[in-house]
Amino acid sequence: MVYITRREIFNAAHRLFMEEWSDQQNLEVFGKCSNPLWHGHNYILYITIKGELDPQTGYLMDLRILSSIINDKIISKVDHKNINLEVEFMKGKIPSAENFAINIWNELNAELLKHNCALHCVKLCETENNYVEYFGK
Amino acid sequence: MVYITRREIFNAAHRLFMEEWSDQQNLEVFGKCSNPLWHGHNYILYITIKGELDPQTGYLMDLRILSSIINDKIISKVDHKNINLEVEFMKGKIPSAENFAINIWNELNAELLKHNCALHCVKLCETENNYVEYFGK
Amino acid sequence: MVYITRREIFNAAHRLFMEEWSDQQNLEVFGKCSNPLWHGHNYILYITIKGELDPQTGYLMDLRILSSIINDKIISKVDHKNINLEVEFMKGKIPSAENFAINIWNELNAELLKHNCALHCVKLCETENNYVEYFGK
Amino acid sequence: MVYITRREIFNAAHRLFMEEWSDQQNLEVFGKCSNPLWHGHNYILYITIKGELDPQTGYLMDLRILSSIINDKIISKVDHKNINLEVEFMKGKIPSAENFAINIWNELNAELLKHNCALHCVKLCETENNYVEYFGK
Amino acid sequence: MVYITRREIFNAAHRLFMEEWSDQQNLEVFGKCSNPLWHGHNYILYITIKGELDPQTGYLMDLRILSSIINDKIISKVDHKNINLEVEFMKGKIPSAENFAINIWNELNAELLKHNCALHCVKLCETENNYVEYFGK
Amino acid sequence: MVYITRREIFNAAHRLFMEEWSDQQNLEVFGKCSNPLWHGHNYILYITIKGELDPQTGYLMDLRILSSIINDKIISKVDHKNINLEVEFMKGKIPSAENFAINIWNELNAELLKHNCALHCVKLCETENNYVEYFGK
């Protein structure tokens, strides 16, 4: 069993808030992250898959294919976007790094299974001081 | 003459666009950066000042003071903000990294002169692949 | 189950040595790290906690709270300090990175349990080439 | 149980290809990485070992010894070398990052056991966007 | 006057040697870098241009255009290549980082002038410990 | 004219204080950095030299020679040392990053002139947020 990881980056705007709460309540729970006029991040995404090597090629999976799946399913939908308003798979969900990582897992997992590859970890870095990891359970 | 640099970080949302242009025209010139629903960045700001050492303390300037000036004049006004809509010193200006760096210079310069310190460089990193430097002329 | 990590940094002096050994014996076992006049590091500390998301907020734990616990229990006690002489929870212990990480775990763990959060990993980087991880068992 | 990691770096040339395939076939499977005139990388290698602390020294293992084993068994054999042509333990194997990491594990493992240290992970970074991890099974 | 920098990365193989010297002489002058079977690097290239802002767009130059020029004139010719054997603009020149940076300058400069942009600096990082800067004179 | 830079790292302890001042006065001016029981840093040192290429070798200077000069004149004297008490060239000087960089310049400059190389810049990073540059005048 070998684990390979591909790094991809994207930039996006978001806001942490509960629609049913007042701006004041949101400010108390989410602080600056609830700014009604948005803020944003350079997100760094690490996708780790696991499996057996192809004995011929020495590859677990061609990283160009992994990169193209991540770009197709995730990056093209979130890069330079507003996560609250424009990302279908985050609709109605608070775009905390935790929720975001879990939903990226859900988007990628089905597609990777078609390539006989098991998703192992989604790691999402929001700032140089904070990151989230999700292993699917 | 010695040069000292302080690094500070902040997160913000912005959009590159000309109000008098259509969304289509803005898209042609600014690409994804003109997304009407915003995107954002983790900005990294490097402020370099220059001058002679204080022969007693061996300091050009106490970096806690430099950091507190940068936080007071810049970070507190831009962190977790929308640069187009909420930052007084960027009002009416396209928030390209170039324009942003020049206006950060203008905000800081007057204050630093009061401390007998000459601002040397504002370096503003927008992504890991792009940055701007401005030396005041 | 989601894992979130907070990075904090601090600077400190230390020395690796056994009081009952001669300087020569200490030099043989600990090399330069036993210098009787101390040396120091910029330590980087990664604290990872794990748990279920709050279904309302999408948070595992507010990172401002996690950061304030780490600063209260650890950073305020070790930053710009001599680990051998000034850090209560390291008294009588050789401040190897291994021992240091284990004792940081012990300090943090009780406090995090009060917030219903399970500590998962303490990762302590001493130089760009060396780091230690401790998972509590 | 504590985990300590040592980072080492090296530079090398390699080429991904199957001898029995034509250049055209290799190009289809391995892309630019099959260039018959070679390309190369700055590899970053992280070796993680695990075990109990020595209660006296507070060390899992003296990192100077770990570093010297890694240099003796791996770095001296791969640094500034052609992995396909000059590295004995990679002879006849496609030098994908996956295969390379597994074979580094095999080279190191026996030696570390002699020091009563258990190898936990070989992490090999080929570019800033790609890395492989192998845990020995 | 503002300075903007674009970072691009590529991987390549090379060898430092003088054709008219014996392998032994080359080894004495260039050490491991003269290995006849090649070695390689992950190069990091920083291209800095300078000029006045376009008062309308707030751009010195659209970074997508700068990136596409660098990719067209440099990256496409050196990425996953053998610098000694496959790079037209390095033919007959020892591919030291110094020579490589100067020749990248020469390749880019003419093209950038056509876009009314002045090249300011080519910075080429060969390893995390070594880099070269060239300012055109 | 080309500029080449070599990076070297070292760890050391220090304290900022004026002997003739009380601990209280030192605390007011230097804050935590005046802790009488020391603190320390992982210093990163960048040494930049400038000059013409050797037309034969394509080298400004063999970086192994530059590295060995820096190690001989600086690193061996400061690594794992107490800068206030053990570094001859810092005796009687407050080891601020500014003073430290200037004195490293003075130590290196004479030696580099013997190799017909002009020292261009000493850059000394004390933390990830602070660094000093000195150009010799």
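Each chain gets a letter, A, B, C, D, E and F, in the order it is written, and its residues are counted from 1.
The criterion applied here is as follows: a residue touches a chain if its C-beta (ideal position, glycine included) is under 8 Å from a C-beta of that chain, and two chains touch if they have at least 3 such contacts.
No experiment lies behind these values; they were computed from the predicted model shown.
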## Note on the structure
Under the touch definition above, the chains in contact with both chain C and chain D are A
### Query
Among all the other chains, which ones are in touch with both chain C and chain F?
none
## Note on the structure
Given over half shared residue numbers means same and under half means different, the chain A/chain B interface is same
#### Entry: Between E-F and D-E, the pair joined by more C-beta contacts
D-E
### Task
Compare the contact pairs of C-D with each of A-B, E-F or C-F and report the one sharing over half of them by residue number.
E-F
### Query
Using the average of all C-alpha atoms in each chain as its centre, how far is it in Å between chain B and chain D?
42
### Message
For chain B versus chain F, what separation do you get between their C-alpha means, in angstrom?
### Response
29
### Query
So, what's the distance in Å between the C-alpha centres of chain F and chain D?
34
### Query
Which positions in chain F touch two or more other chains at once?
128
### Query
Which pairs of chains touch one another in this structure?
A-B, A-C, A-D, B-E, B-F, C-D, C-F, D-E, E-F
### Task
Sort out for me which residues of chain F touch chain C in the complex.
9, 11-14, 32-33, 35, 37-42, 79-82, 85-86, 127-128
### Query
Which bits of chain D are touching chain C when the two form their complex?
1-8, 48, 53, 56-60, 62-64, 67
### Summary
Note: in the complex, chain A contacts chain C through residues 16, 18, 29-31, 93-99, 101-102, 128-135, 137
